[in-house]
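Here chain A shows up in two complexes: once beside chain B, once beside chain C.
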Partner chain A sequence: MECRRRLNRRLILTNGFVFSILSYMVNYNERLGRTFAALVDPTRRAILARLEREDGASVSELAQPFAIQLPAVMKHLDVLDDAGLIIRSKVGRTVTVQLRANPMREAMDWLRRYERFWSKSLDRLAAYAERKEIEARKTRR
Partner chain B sequence: MTSLTLVRRIKARPAIVFDALTTPEGIACWWGPDDGPVLVAETDPRVGGRFRVRFRMLDGSEHESSGEYLEVVKPERLSMSWRWAGGVEDPGESLIEIRLRAIAEGTELSFTHSRLRDEETRRSHTAGWNGALDKLERHFLKEHVA
Partner chain C sequence: MECRRRLNRRLILTNGFVFSILSYMVNYNERLGRTFAALVDPTRRAILARLEREDGASVSELAQPFAIQLPAVMKHLDVLDDAGLIIRSKVGRTVTVQLRANPMREAMDWLRRYERFWSKSLDRLAAYAERKEIEARKTRR
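Entry: the complex of A and B
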């Protein structure tokens, strides 16, 4: 069967594995890892969703809907803060929490890139397998 | 948020789809986000075996990914670890899980790419996605918060 794309083993030797990674990328990767780690927890996602709706809330307001103690909420906020997903600012005795959208956008970009990659690949995989199926049926006759 | 799932219905029997997924000839025909060529495709589809695929995109950039087969049950299931060489696009190792189900018209392929980082989580991924995510989270909490 004809395949429009061919393996070329020679090229790999000449090109080598030239992927020089800038420290920027390392930082980017670490940041991305923190973002995803922050987002795996449902309580933290609920906090983020609320901050998106309300554009800022105090720590005790945020803790209120959850059946967990304030220190546990503080810990979740630490994780979100570490991932750069929120900003905490203190006025008097009240700590106000606000959403920062940038890391989230980076995480979405990452997912979209993967989606593009796999979506296109799987479309081609399907077309290839379907050609193979037709070929197999012909051979059997 | 942390995983991507795609489903395709393919007019070909599962065994043919499985071969397309696991043979270098097959991979050379479909792997990659555009019509650029696959330069290297190596596979060893058995548990513990490895794969390596390098492709060039139409913009001239080359990308390589490799990983280990974690589950190989022809023609139904295929799981492998995944990481980009050089780690440009990917912060670490992730997991690919493919399920092939025979349907009247051929095969329903469901494909999941999820992000997993630590070795232990990857090895015990059969414990279930939630368990894995919990561990992943603990791993990160240790790493970044403690």
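Entry: the complex of A and C
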């Protein structure tokens, strides 16, 4: 009886563990998709780039350089907020927007896996340049 | 007359230079948008991840693990191809797909700008842990 109870407990624990891994993977995939989707639009990238330079800006300040209307900027801010890339805080009537770069970390870690491929192309380029240099030296002699 | 001609030539050169910078920026922004858009979908990310592990795969091999139909996989491959992330080559009846990671480099360079923000959070976390450790030592005495 005790043995059965232990086995059941272990099964529940294992299921719980598998479930948390699965739910982490689903969340991870969703987060990653949301981050990349937020970065597709050039206006949203420009907003993030500005918030990288300045430590927070009001919505109207952010909207000012763009040729689009304020509601369109607000929609872009909603997308960035959903992706967890900005934080909005309201003081009086002014909404201040600040950068929250953490989700970009996961995106960058995902991309980092492919880094060896462009290092490979650089290696090939370096090898080519070296070969050409040796050839040039030979003809100079 | 000669002076005017020189001035005109200089203006044409300057315009040409400004034009090439502008067209580079537009292309850069378009490329970046296309790369991020290609990375939004989890199926496309899974295809790229597989091509990172294997040096090329046929379309049917790529389609096999997914619960979607072949035409849907083909559409995903079109998006990846448009973003310059894969190369398709046909030998006989078999289309082989290979990874072309270069566009990811620009995407990663764009994200790298924000790296200092998450390093900052790590610094804050380290400082917090250190503070807690010192507090704990004091109470132990």
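The criterion applied here is as follows: the second predicted complex is superposed on the first by the 94 of 141 C-alpha atoms of A that agree within 3 Å, B and C clash if a C-alpha of one lies under 4 Å from a C-alpha of the other, contacts with A are read in each partner's own complex, and residues count from 1 in each chain.
One rule holds for everything that comes next: a contact is a pair of C-beta atoms (placed from the backbone, for glycine too) under 8 Å apart; a residue touches a chain by one contact, two chains touch by 3 or more.
Computed from a predicted model, the values in this text were never measured in an experiment.
J.: Would you check which partner chain A:F117 touches, where first means chain B only, second means chain C only, and both and neither mean what they say?
T.: A:F117 contacts both chain B and chain C.
J.: By the touch definition at the top of the document, which applies to A:P42: first (chain B), second (chain C), both, or neither?
T.: second
J.: Kindly classify A:A101 by the partners it touches after superposition: chain B alone (first), chain C alone (second), both, or neither?
T.: Touch partner of A:A101: chain C, not chain B.
J.: Report the partner of chain A that touches more of its residues: chain B or chain C.
T.: Of chain B and chain C, the partner in contact with more residues of chain A is B.
J.: Taking the superposition as given, does A:E54 touch the first partner, chain B, the second, chain C, both, or neither?
T.: A:E54 sits against neither chain B nor chain C.
J.: Return first, second, both or neither, reflecting whether A:L32 touches chain B, chain C, both chains, or no partner chain.
T.: both
J.: Shared contact residues on chain A, chain B side and chain C side combined as an intersection?
T.: The overlap between the chain B and chain C interfaces on chain A comprises residues 29, 32-33, 36-37, 39-41, 45, 107, 110-111, 113-115, 117-118, 121.
J.: Show which residues of chain A lie in contact with chain B when the two form their complex.
T.: Of all residues in chain A, those touching chain B are 3-9, 11-12, 15, 17, 19, 21, 25, 29-30, 32-34, 36-37, 39-41, 45, 75, 78-79, 82, 107, 110-111, 113-130, 132-133, 136.
J.: Name, in rising order, each residue of chain B that touches chain A in their complex.
T.: For chain B paired with chain A, touching residues are 1-2, 4, 6, 8, 10-13, 16-17, 19-21, 24-26, 28-35, 37-41, 54, 56, 62, 64, 85-92, 106-107, 109, 111, 113, 115, 117, 133, 136-137, 139-141, 144-145.
J.: Taking the touch rule as given, give the residues of chain C at its contact with chain A in the complex, in rising order.
T.: By the definition above, chain C touches chain A via 29, 32-33, 36-37, 39-42, 45, 48-49, 52, 99, 101-102, 104-105, 107-108, 110-115, 117-118, 121.
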